[in-house]
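Below you'll find a set of structures to go through.
Consider the two complexes below, in which chain A is the common component and chain B and chain C are the respective partners.
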Partner chain A sequence: MNRKQSSPRFRFAFAALLLSALLFLLPAVRSGDRRLYLLAALVPAFMLLCCTVLARLFSLDRMALTLSLFLCSVGIAAFAPADPDAAVAQALRCIPGMAALLIGAVLMRSLSSSMLSAVSSAFLGLLMLSAKLLVPTFSVPLAEAGLALLLVSVASLLSGRGSGLALIPGFAALILLLTGGEIALAALWGLTFLLLIFAADGRILVILSAFCVTVFLFFGYSRLFPADFKAADTGSLNMLISAGWTGTDILPGELPSAASLFPRLSLHFGLLFAGLTVLLFLPLSLRGIFIATSSRTRFHAVISMGVSLLPALQALAALLSVFGFLPFPGVCFPFLTSSLPDLCAELFMIGMLCGISARNEADLAEDAHLAMLAK
Partner chain B sequence: MFSVTPELYATVSLVSRWLFVFIALLLLFFALLWQRAERRERKERFKNLPGAGTIGELLVLSGSDQLPPDTWFPVPREGVLGSLRSCDLVIPCPGVSARHLDFSWQDGTGLLIRPHIGCDVLVDGVPVDRHAASEGVPLLHGSVLQVGTGVLRLQVFAALAPANQAFSPAVQVAAPSQEAAFRIPPQGTAQYPDPVPPVWQASPVPVVPPEMQSPVPPVPVNATPPAPLLQNPEMPPEKPARPKRADRWKEDWSE
Partner chain C sequence: MKQLRSRFRLISLLLVCAFLLAAALCTGTALKAAGISLASLPSLPPLGISSPTPDPSVSPSVSPGGEPTLSPAESDPAGSLPPGTDNTPDPEYNVFGL
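After this line comes the complex of A and B, so read on.
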């Protein structure tokens, strides 16, 4: 890579590292807390380590990796001004998340489309989605992790066995999510699933029938449980606006959602910064689509398209939910969550994207080698 | 640890918050720039490797009104062949189902094809039994595939030719649209001498770059004689015209 090509990458990495350090330094200067100084040093150092050594070792896609790690560091920084202990805990949550990312990358480099992978991932994914129904006392939110596995299953079936078989795990997941009361995730999954069918199959008949079934399921659910469909209260929006463009150090009161870190981020660092952070999901999604279009196999293309669609739609839904435009509250922005399983699932999906990108690079290198042999 | 007075902190805080916004804006800008640079880089790489991602091409020997002979399709490593617009190889011929067959390249074996249920496929004139070949029937370099009324010949890039070691025996082809079967001469004959470099020992083809040209001299096919080129005697002889590449997006939503 020459200097001209590498400069945007280095500038981006430098800006991300600088900002992730400054986000901790500001509250550290105010309170003089040793933990915040430690975080200001360790978080950028960890990012640097991941984006250089680990990215080189595992051939990870640097852009997707840097963006997702920066969003994670913003999530940690959202706790820093008011609760340094929670910031340390959030930083510790990112370590298993990073392990999940590496597992996803390694898995995707070796995984190919087969009936065995489709069935096993569908079984595990549906098991995770039905965990709450099987064991009512089970409180760990595994829905996003289940959806990540179901994405592999659906991609495998869509690429190799046609859309007929892929409809089974897709709609099973939708029904389980609705039964479990996860309307927001069900809507996101339904939309992603329909878009994937549209991209991979393209038959109007299949798309229309899938769309009708999805609408019918949601309509039935809304008739059965009308109380679950309610817009977010405008009080949370008013609270966010009250913090102003640049934010404040002191939280005004009870935060709207415990898991979502977006309200904290907006209150502490202002609406402008929070809005720009949300806009960073745009290059992340573009990167996913870029990787999908470069993919050699249909299986990898469908997975990377799903992995880029799901967080993008989730971010959009969360944004709409903040403004009260969606009839279901409680949608968190990807990576800006304090839930460990959700964070791990999101980083696992980014890992899958990185693995597919590495595979694309390897395939292109093989093509170049073959062309060289032929000359 | 180090901390500042509240008065000084108020100033630092105000300046830093606007600085955060500025850096976040820069971050977004640099991310989009980086993405643009990578896209350009990929475009450059593909300009140098136009055949990247494909294993060869399928040349149409006989097709339909929408698919004239001498049209060629770049063949990806795996995908679906059918008449549907979303298929990887779109064959708009009568008798071709929406999704007719799956294909995937396997190094050392060839292009494995797996017909869908109720879809008739002939390889070198021999019907493919779907149940007997659950793993797929290999198409080799020069194999002729018939789907519906479409007859297509596979031409594999020379660089992938070591995978075609099983190509050496002669293959009898009897496509229904052709009156006479043709015979592909085995290696070692005068027409196809054994290549000298060890890399291409198994290759039945001369070594050419894999992206631009057909890897073999065209196998004679009686059904599609090459059209004579009109030439001005005073002008230097023109190169034979390259067959037209298929435009897969021509198809409508007829499904």
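After this line comes the complex of A and C, so read on.
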């Protein structure tokens, strides 16, 4: 890598580090809290460590890693002005998330398309989705982690000869999500699944039949449980707007959603900063699509496409739900959540993307080596 | 693989359009909820010209009859005064004594 290529990346990473430090320094100076000063030093230091040492060790994609870590730091900063203890707890939640990212990267680097990987990941994914139905007292949200595993299964089946088989785990996941009452995740999975079938299969008959089944399932669910489809009330939107474009120090008593950090973020830092943060999901997903287009195998291309689409569509759905355009009140932005399993699943997906990027780079290096030998 | 890549590009284009549309929709809703409409934007004063803000400590000068005194330009709506006569220098700022 020459200096001309590395310079914009360095500047981008430096800007992310500086901004994440400022996010903690401003409330720290205002309140004089030592924990916030500590976070202002430790969070950028951890980001720097991940973006340099870990990225070099595991050949992780630096842009995807920096963007996702910056979004995580924004999630921590959402707690900082009002509740420093919760900010420290959110920072501690990011550490297992980082471990999940590394596991995803290592897994994707070594995994290849086979029937065994398709069946085992489908089994595990469906088991995670049906955990709530099998054990009603089980309250850990494992749906996003299950969807990440199901993406591996669907990609493995779509990249093989029997791409019609991919419909089985795809629709099974959709039915399980709808049965468990996860309408927002079901809609996101349905759309991602349809787009993957369109990209990888491309046969009109398959696409149309998949589309009709998805629409039929949602139509049936909306007929059976019409109360589950309700748009966000105008009170929560008015509360966000009352904080203004630059935010306020005083939080109202009850926030719209406990797990989602977007209301906290927009109340403390203003709608302008929150909106710009949401727009960061676009370059993240575009980076993922770039990795997908530069993949050598269909398996890796379909996985990286799915892993890029799922968080991007989730961010879109969450944004439109906050403003009352979509009837999904409980959907959270990726990385801006206080739920540990969801955060780990989202970082695991970014790890999968980084692993595929590392594999692409290894393929390119091998090609260059072969070309050098041929000369 | 070529077809796959071209479809990926199409999907990325759709995604960008969806994001821009969502951003425009949400900005419009936020502005509307904040009471700012696009129709009212042209009526706002242009940048650089600040609107006159009255000093609360200074009460408007009142004539002995109880009516506020008007400047020459205000007292002459027909515009019969020659140009330049309505801006007599303020003695406070008349440093040259003209």
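Following the convention adopted for this analysis, the second predicted complex is superposed on the first by the 374 of 375 C-alpha atoms of A that agree within 3 Å, B and C clash if a C-alpha of one lies under 4 Å from a C-alpha of the other, contacts with A are read in each partner's own complex, and residues count from 1 in each chain.
In this text, contacts are C-beta pairs under 8 Å (C-beta built on N, C-alpha and C of every residue); 3 or more make two chains touch, one makes a residue touch a chain.
Just so you know, these numbers come straight off a predicted model, no measurement behind them.
K.L.:
For A:323, is the partner it touches chain B (first), chain C (second), both, or none of the two (neither)?
P.N.:
Touch status of A:323: second partner only.
K.L.:
Regarding the shared-chain residue A:270, is it in contact with chain B (first), chain C (second), both, or neither?
P.N.:
In the superposition, A:270 contacts chain B only.
K.L.:
When the two structures are overlaid on chain A, which partner does A:202 contact: first (chain B), second (chain C), both, or neither?
P.N.:
The answer is both, since A:202 touches chain B and chain C.
K.L.:
Once the structures are superposed on A, label A:298 by its partner contacts, choosing first (chain B), second (chain C), both or neither.
P.N.:
both
K.L.:
One more residue to check, A:312. First (chain B), second (chain C), both or neither?
P.N.:
second
K.L.:
With the two structures laid over each other on chain A, which partner does A:181 touch: chain B (first), chain C (second), both, or neither?
P.N.:
neither
K.L.:
Of the two partners chain B and chain C, indicate the one touching more residues belonging to chain A.
P.N.:
B
K.L.:
Tell me which partner A:279 touches in the superposition: chain B (first), chain C (second), both or neither.
P.N.:
A:279 sits against chain B and chain C alike.
K.L.:
By the touch definition above, which chain A residues appear in both interfaces, chain B in one complex and chain C in the other?
P.N.:
200, 202, 279, 282, 286, 298.
K.L.:
Which positions of chain B touch chain A when the two form their complex?
P.N.:
1-4, 9, 12-14, 16-21, 23-28, 30-39, 41-42, 45, 49, 51-53, 76-80, 84-86, 88, 98-99, 102, 116, 157-160, 199, 207-211, 253, 255
K.L.:
What does chain A use to touch chain C in their complex?
P.N.:
The contact residues of chain A facing chain C are 195, 198-200, 202, 237-238, 241, 271, 275, 278-279, 281-282, 285-286, 289, 292-293, 298, 301-302, 305, 309, 312, 316, 319-320, 322-325.
K.L.:
Help me check something: in the complex, which residues belonging to chain C touch chain A?
P.N.:
Spelled out, the residues of chain C in touch with chain A are 1, 3-5, 7-9, 11-12, 15-16, 18-19, 22-23, 25-27, 29-30, 33-34.
K.L.:
Could you pull out which chain A residues touch chain B in their complex?
P.N.:
So the residues of chain A in touch with chain B come to 1, 5, 8-9, 11-12, 15-16, 18-19, 22-23, 26, 28-34, 37, 63, 67, 70, 160, 162, 200-205, 246-247, 249, 269-270, 272-273, 276-277, 279-280, 282-283, 286-287, 290, 294, 296-298, 363-364, 367-368, 370-371, 373-375.
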